[in-house]
Structures are given as structure tokens and as C-alpha cells.
Amino acid sequence: MESILKNAIENNKKWTEFGQVASYIPELAKGNSEALGACIFDTNCNMILGGDYDTRFTIQSVSKVAILICALIDKGKKTVFSKVGMEPSTDPFNSLAKLETRESHKPLNPFINAGAIVCTSLASGDNGIEKFNRIHNMIKRMTNNDEIEVNHSVYRSEKLTGNTNRAIAYYLKGANIIEKDVEDVLDTYFKLCSIEMVVEDVAKMACVIANDGIAPWSNEQIIPKEVNGIVKAIMITCGLYDSSGEFSVNVGTPAKSGVGGCIMAVAPNNMGIAVVGPALDMHGNSIAGKKVLEELSQQLNLSMF
Amino acid sequence: MESILKNAIENNKKWTEFGQVASYIPELAKGNSEALGACIFDTNCNMILGGDYDTRFTIQSVSKVAILICALIDKGKKTVFSKVGMEPSTDPFNSLAKLETRESHKPLNPFINAGAIVCTSLASGDNGIEKFNRIHNMIKRMTNNDEIEVNHSVYRSEKLTGNTNRAIAYYLKGANIIEKDVEDVLDTYFKLCSIEMVVEDVAKMACVIANDGIAPWSNEQIIPKEVNGIVKAIMITCGLYDSSGEFSVNVGTPAKSGVGGCIMAVAPNNMGIAVVGPALDMHGNSIAGKKVLEELSQQLNLSMF
Amino acid sequence: MESILKNAIENNKKWTEFGQVASYIPELAKGNSEALGACIFDTNCNMILGGDYDTRFTIQSVSKVAILICALIDKGKKTVFSKVGMEPSTDPFNSLAKLETRESHKPLNPFINAGAIVCTSLASGDNGIEKFNRIHNMIKRMTNNDEIEVNHSVYRSEKLTGNTNRAIAYYLKGANIIEKDVEDVLDTYFKLCSIEMVVEDVAKMACVIANDGIAPWSNEQIIPKEVNGIVKAIMITCGLYDSSGEFSVNVGTPAKSGVGGCIMAVAPNNMGIAVVGPALDMHGNSIAGKKVLEELSQQLNLSMF
Amino acid sequence: MESILKNAIENNKKWTEFGQVASYIPELAKGNSEALGACIFDTNCNMILGGDYDTRFTIQSVSKVAILICALIDKGKKTVFSKVGMEPSTDPFNSLAKLETRESHKPLNPFINAGAIVCTSLASGDNGIEKFNRIHNMIKRMTNNDEIEVNHSVYRSEKLTGNTNRAIAYYLKGANIIEKDVEDVLDTYFKLCSIEMVVEDVAKMACVIANDGIAPWSNEQIIPKEVNGIVKAIMITCGLYDSSGEFSVNVGTPAKSGVGGCIMAVAPNNMGIAVVGPALDMHGNSIAGKKVLEELSQQLNLSMF
């Protein structure tokens, strides 16, 4: 398996040249566009590292998985889906247009920015700090890493330049979908996006989800089974923004990408995989990361389909 | 002419029953849905009042005319139209969707909320208070009324509930179309919308525009002729939100409506007319007010077409 | 006046280089992109020609003016506007999207393709041939030219490649807005678009409209006054596709453009103007033609605003 | 298992009252809105029938699965997906708007009407009749039923009233995505939609897909494994129109619904399920059918997530 991973990275390294590092948040533009690394962590706690596995990155939209998990645990399926939909989006992740044109004004799903902002507001906690701690703590447990922290330069950069997200949040407030203080919710959301990891951490998160919500290192049920199933279903249909359908065909596993260049993939009852490659395609997904996952899916027969 | 106005009001009073007072700003919901009044002020300074002419109302979007005038005077046609378009909108006045789907992200025109917010930011002044004073002063001159003031209950209500406008403004900031502090610009905009008048004031404003920008009571050129022409052109194509085309066919004069229930109509080289009737149609225009203007246009042969 | 026209053409000839001849109908691609000619015909029957005034072109969307006139005369304002709106469109002339997203499925206005196809179906006549004859006859009277005919190469090219218009027409049929045989209505519409003229013909049509519907050469009321007024109003708000607003600001007269490169402009109670220049801007309007009209409007003080 | 199926039908029969039989094709409106039946067919060839299992229905969009299979076998993955996307749609199944607004004009996926019309044109055959025979034959093999035939009343009704599909097809022709004669392709498509079945037939089709493309009754590989995987992936993300995401969360199996009231569900390596209930929800899916599948999924633990 080690050589399969190594080959997948080497064979697809060339794709990094065809993508671009996210630039709409100035700090993200500093990402190394040539980096490509990966980690496989299986349900028996075996770990394989490959390529630039020590590249540090902010998890960005990968945080939406943990946010959704907390919202579902803390408020229940019914309440969460009364405020956010379950349908894939054909628009980019930061789109506002559909909020307006759909009668309910509900965000289409929890994995576009609008939906994740709503789910952030639904996590337990009386204020932004408590909500952050709630979700941060979930992430620490899923990564088995107590030292996971926010990258403060990225956080400040997000906060300073996050006007489209601010627009989304005020629109949701105007439509009575968010009730809390908008700036407080946004601040929490920006912090969660700015959490810094390496692929090992993300692969462990993916492995917990692959393992029906149970941490393989402790046999602790971190995520209730029903919540875990909902999350996998939404990862399949909505995990890679407006190219989720293509990913389902070509890779065939629940997954979530982030504009920091990470993709988390879940091979149920088998393994979690994380790839990092900050050069993105036009949909905001790691361009080489997707290719690595395609090759791994074929070589290791990971597709659910 | 007095009896023509009286009849137009009486004949169309029944339409007030088919409309609804704006409710999205709580203070506006207190408007009297049965009221219907009008004022004609001609370029010889003759004035005719009819119906509930003493109904007080906030001017809401009618302020967009003064805002556009100030932006054009203070920054020039070229700068203004580099940041806002000149095209009519098929979407409602508070729509965000087109901002996103048009490549430039420029608001379609100065008479939808997004466009007026941009124009507010373009008026002279180093901060919101100076910008407000600049436009407030223009309004005082156009109404020949130094006592025009903000209705503070409406203003507070707008500020408190104006999250869709806040979303619009942050989106524009994110697209680099507004450079100023968003809350400061919004505050100015909310105050301008909350300015309180009676139809006499609005009819005088309309008459200045009808008179090529010259105040008929002082012969002072308040609005430069070129700016005045641009404003009339945009009033024809964009003045009644997404029913501007119908108004051009059925009334045929430059006009601007506001959700406070007022419609300002300009019969070039002839007269200004203001109607107030807080019961609105589904586009946000005074439902009986439009009918009164249709009847006046036919009786007085006011259509430009 | 002759030198004003001459200068306007010479000064703006350079703009032809920045546009492109319509290519979506193969025959149109043969147009001479460098040509620029104009004709002014005033209500006293004075005519001035300038530039490449003998360039022959197909009228394309300029036919929509005659189609609307016939629909209004034959079926009345109420029936026509029950099947087509009066509102300007922000989408391109051949767009389908708004048909679907608006609840009524009515075309936005008579000057986008969908609206003109509906109006064609509303003209008098039991079949396509009779409808064509009806509208063709109106055009002959408005141009005072009995020899106006269809360019059959263009017509065949339109018919062969007109699949987007075919899609529009079938959509309208599916929405019960067109009742007639779709191919028959389309055939009539394609023929009307393919009518060939020179600027003299179009300027005379414009002059009839400028003259309240009365042919200045015969004092015959060709177009009823009310219909003529409606047509002027719609020309102001919708005449230049999705740059109608800009044209109102910069030229300020009712007008209609066609992708054959002609723009017809109406200076009420004064003159009709036609310009031809097959190089188009991105909205489908003659790029140099618009500039010529801007200069003429300023020099001759033609703007209604 | 028999009692589980029986209970699922009885428990959810009440939902039929909340839906409506499809009415846009007059013949479909004759469907029995109270009917609710189902069939389970497993990979060991065990069959269980329940409720109104002998209700005859036309398969409508369920035919899109066979159409996609044939297109993929006959032209290959690369060619098919150069003409149709893989992304879920947030618009209704017969929408045109996205064709226009997406740069490529490609239909979003093979399971909206536009995409299925493209795939029909891609099946082997020199003309519509040959293409129909090709796909009809595939359906006969997948159902193990040589007597599957078109319901000619429904077919004529579709053909007569299918103007929105005709609009879609002409639009695709205009965008050079369909090259064939539009009426010929449409005729084939209408016939395929009008194929009549009972739930037993559909359950067998589903079972072939559940069994990696191998007919369990003959061990014959009817669908190549790779094609079968693509089809399952697209069924998960796009199978229930704009409520595919919800179905993935609540049922969790590849599926395809049709407006005739049938839903086909695939439990991989386990069973095929077909439910029929002509009363539809607002998305065009059998309202009670979905509820039956939710209950079966929970009771039989069918979700992939």
C-alpha cells in the first residue's frame, strides 16, 4: 500500500502546475502551489504517509464536516434541516443567488458557506466563543490531537476580507434563519476555517467517519451512528462543491474539500484518506489531490459504486 | 385642473383596498393604507392639492433621485457609471442575485437599493454624517423647505431590520465597489430613506426636475442641465422598480416611487406631481397612486410618448 | 445639417473596428463590417443621406416594431399585453431563462425574440402567409416603398439555423402562450427578420412614428395615435436589448436596433433617423451606429430628457 | 421480509392523499392516485410482492437509466460526458434555464430531460427506430421480459404535448450538442418514456444494477461493471431530481424515479426494489413511494451510509 500511495502522488504531481492557490484570502495566497502530500489511516490504526505530508494548511471548508456533526448532535436532524437543505448546489460555494431565488431562503446544504454559517449558529454555546470551543473540541477528539489550533494570520485575513461571507450572514439574518449576532457567528466560522492541520490529522478525522463514528484508537463512539450516516450521505452529494457529482463517479467515496488545498475522503469500514495540494481547480478543489484520490480509488477499489 | 385632480383621486380611491402597506420595516406598517393624496406644482409655481395631501410619509426610494443627483454632481458621470449601471432590472429592488451573476458585480442601476447604496458612498463628504448633510441639503433646496427632517422612529426601525441592505452593502464591499465603511454608508442611506415629507415637498422636487434643474421659485439652477437629463432618463427606464416599463406605457413620464407610498412624477417643462397612498402593489409601488397618475396623464396629456 | 451628419459618420467610423458582424446566422456574417451610413428624414419630408447610405441590410429586430404595431392594431392593447410583458430585459435578446423563471412564462417585452414571436402570432391572418402579408404590407406603407422584399438567402439561413428561436417558440407553445402551429409562426418571423432595406427606408419608418403615426408624404394616419405612443414607450425602455438604459441616457430617443447592423431612432415631432453599421457590440447593437446617434443627439439636441 | 414490505405499504398508504397524479401529459392524469404497490427482487432471485403490485404504469424517467447505460456502452464514458455533465441539478427535471446560463450549454446530468435526450441521441443506431430498438432491447434483457411494450396512448399524448421537451431539444441542437434530427430523437425519447411495466419488471432492472450488472437469473453480464458503477453513482447524486440529496440522507441507495409514479431503488449486492404510487410530491417523485422506501431502508438496513 505504501508504494501505491507513493506512485499516486508521483504520477499526479504534474497536475499541481495546472491549478492555482486560493487568492481571495491574502494569507492563503502564500500556500505552496507545488506541494502534494497524503496520509492513509485505516480502521486498524495503520498509518501511511506520502509526499509532502508535513505541509501545514488551514482546513477551511473541511471544518464544515465537524460543524455539521456538532449541529446535528446538539440540535437534532429535524431542527438542523428546518434551517438548511440537503440538496447539492450547482453554484459556487460562496454564492448568494440561490438564497434569494428559493422560496424558503434556506441554504441549499450544510457544505456551502451559507449552510455552514447556519450550522455554526446551531452548535451548542451561548456565544461565539462557546460555540468555537464546542466544535474545536470535537475536532481535537476526531484528530486525537489536543494541539490543534487556529492559524491567527489566516484568521485575521479571513475576518478582514470576508465580506462575501458577511453578506451571506446578514442575508440569512434578514430571512430569520440566523438569530444570533452575525459578527459573533462569523467570527466563530472564520476561526474554524483557519484551524491548522497536517494530513495525518485529517486522515484520522476521516477514519472516525469511516468507522461508523467510533475512534479506532479508543473504541469511543465520538459521533452517533445516525449522525455519522447523514454526514457521509451529504459528503457524497455535496462534498466537492459543484463538482461533487463528478467526484462520486470518479472516486466514489464520501469526501470534503477545502480551499486550503486539503481533501478528506472516507472509505467506509476501511480507511480515512487526506490529501493536501494547495493548487486548486476552478471549483476550489485541490487539482492534484483529486487525481491522487482517483488513482487510489482505482488501485485500492475504494468506490462505493 | 383642480377638479381633474379631485376626480382622479376620488375615482381611484377604491384601489387602496387592493394593496398592502409595506411591512418589512415595522414602523412603515403603521402607514394609513386608506390614505390617498396628491399635489401638482407647475413651473409657474401654481400649486394644487387634493385628497389627503397632508399625509406625512417617509420618502424611502424617492431619496434615490437626490442621491443620484449628488453623486453625479460630486463625482461626475464617468465615475458614477463605472460603479453602477444604467439598465432596468427585472428583479425586485432589494435583490442580490444579479450582483453575483453579472461579471462586473456592478448594481444594474442607481434606483435599486444596491445602486443607491453605491451612489450614497459617492456623494461628497469624508464620512457618513457629511454625506448625509450633503444630500439632505440638496433635498432642502429642491423642496424649498428648510424644515425637512428624518423621522427617527422609521430610521431606527430601518437600521434595526435592514439586514438585506446590509448584505447588499457587504457584498459590494467584497466586490470592491464600495470602499468606505459599510455601516457608515448604510447609516446614511437609512437616514435618507427615512426623511419625512408631504406631497407638496415631493411635487416641488419633481418640478425642479421638470424645469431643467432650475427652481421655479428662485430661477436658481440647482441641478446642472446634463445631470438633470440623465436623472430623467433613468427615471423613465428604472423609476418604478420592475414595473417601470408598464409605467412608461401607461403614464409616460419620468417618475420614482418609494415603499412609503409616494410616487414622484415629472412632466417636463410643465409640472411636478406627487401622489401618496401607502397601500402598495406587489412591486412596491403605491397601487392607487399609479392609477391616479394614469388618469392625470390622460386628462392632462402628460405622456412624453 | 448635412455637415453635422457627415461629421458624425466620419468621427465615428473608427468604432467599426471594435465590433463584429453577427455570425450566428451564416448569411449575416457576409455583412461589410466597415460600412457606416445614415439617413435623416424629417416630418417635412426633407431627407439627408450620409456615408454608405446605399448599404443593403436585413432589418432583423427592427421588424419587431412593425410586428408590434400590427399586433396592437389587430388584437388591441389588452390582448397583446396579456401574452407579452412591457418590462425591459437584462438578458440577451434570444434568452429563454426568464420565460421559465417568471411565473406567467410571458416574454418580458415585445422586443426580445420571444415577445416578437408571440406578437407575430397575434397579427391578423389565418396562417403564416397571411400574417406575413399583413405585416409586410404595413412595412411597405411605413417606408413608402412597394418594392421592399425578403432577402431569400438570409431567410433560408435563418430558417436553417434558427434552433434557439425554435426552442423559444416551442416553449411558448408548451406554456399555451402561442396557440398556432409553431413552424408556421417561425417561418413568418424569419421572413420578417430577413426583409431587406437601405437606411432611407428605415428613416421613413422612424419618421412616421416621430410624426404621431401619420405619413408625412401623404398625411395618412398609418398607425393609430395610441398604438404609436405605446410603441415609442417600449422603444425607449426596451429598444436596444440589454443596453436600452444606456441608450436612453446617452441618446434619449425611442429606438430599435437589429443584428443586421441597423438602428432606427425616433425624434418625436422632428425626424426619423436610420444608421447602418454591421459591426456590432457585445449586446448586438451597431457599435459605430450608436456613436453616430450619440453625436447627432448632442448636435441636434434630440434627447427627450 | 414479506411482512416488512406489507407493513411499509400499509403504514404509508395515507401519504397517497397528499400527492397529485402528473397532469401535464393528459394520459398520465388517468393514473390511479390511490394505488401503492411494491416488489423486492434479490440477487438470489427471491421475489416479494406487496400492495397494488399489478398496477401498470409507464416508466417515464426510469427509462433514463437504460438510456444512460446504452449511451455509455455504445459511445464510452469520455464521449458521453463531453456532451452531458455529472452534476446534480437544483432545478426541476424539465428546466431549460441552466442550459443557457452555463457556458458549455451542456445539460447538468443524464437524469434531467435535457441530459436524457442527449443520451438518447448517443445510443447506437442510424435513426430513431434503431436507437429505440437498441434501448428497448436492453430493457427487455434487464427485466427478463420479452413482452415489455410501449403504451401507445401515453406515447401519443407525450408526443402531442411535449413542447417543453421539444424546446429543450431544439436548444441543444442550436448549441451543437445534438446533431441528429430533433423530431426523430424526441420520438425515440417519448416512446422510451411510455414503456409500460409493473413493479416486478422494475425490481428486476434494479437487481441487475445491484448485482454489478449481472443478471442473477442467468449470470450474464448485461452491463459492464464500470458502466454499472457510473450509473449507480449518478443515481445517488441525481436520481430523484431536485430532492436527490434528501433521498440519499433518508434512504441512502442509488435510485431513479419517474412521473408515472415508479421509484426504482438499488441496494448493492443485495436487492432491487420497485415501488409504484402515481400520487407525486412537488418534485415529481411518488410521495408514498418515497416513504415506503424510507421505511424499508430502516427496517432492512439498506442505506449505504
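The letters A, B, C and D name the chains in turn, as written, and every chain counts its residues from 1.
Going forward, a contact is a pair of C-beta atoms (placed from the backbone, for glycine too) under 8 Å apart; a residue touches a chain by one contact, two chains touch by 3 or more.
On a predicted model such as this, the values are computed, not experimentally measured, just so you know.
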item: Contact distance in steps, from chain B to chain D; value: 2
item: Chain of greatest Cα-centre distance to chain A; value: C
item: Intercentroid distance (Cα basis), chain C paired with chain B, Å; value: 32
item: For chain C paired with chain D, centre-to-centre distance based on mean C-alpha positions, whole Å; value: 46
item: Whole-Å gap between the CA centroids of chain A and chain C; value: 53
item: Shared interface positions of chain C, touching two or more other chains; value: 101
item: Chains touching one another, given as label pairs in label order; value: A-B, A-D, B-C, C-D
item: Of all residues in chain A, those that touch chain B in their complex; value: 95-97, 99-101, 161-164, 166-171, 173-174, 182
item: Residue ranges of chain A in contact with chain D within the complex; value: 85-90, 98, 108-109, 229-230, 232-234, 236-238, 242-246, 248-249, 252, 254, 268, 303-305
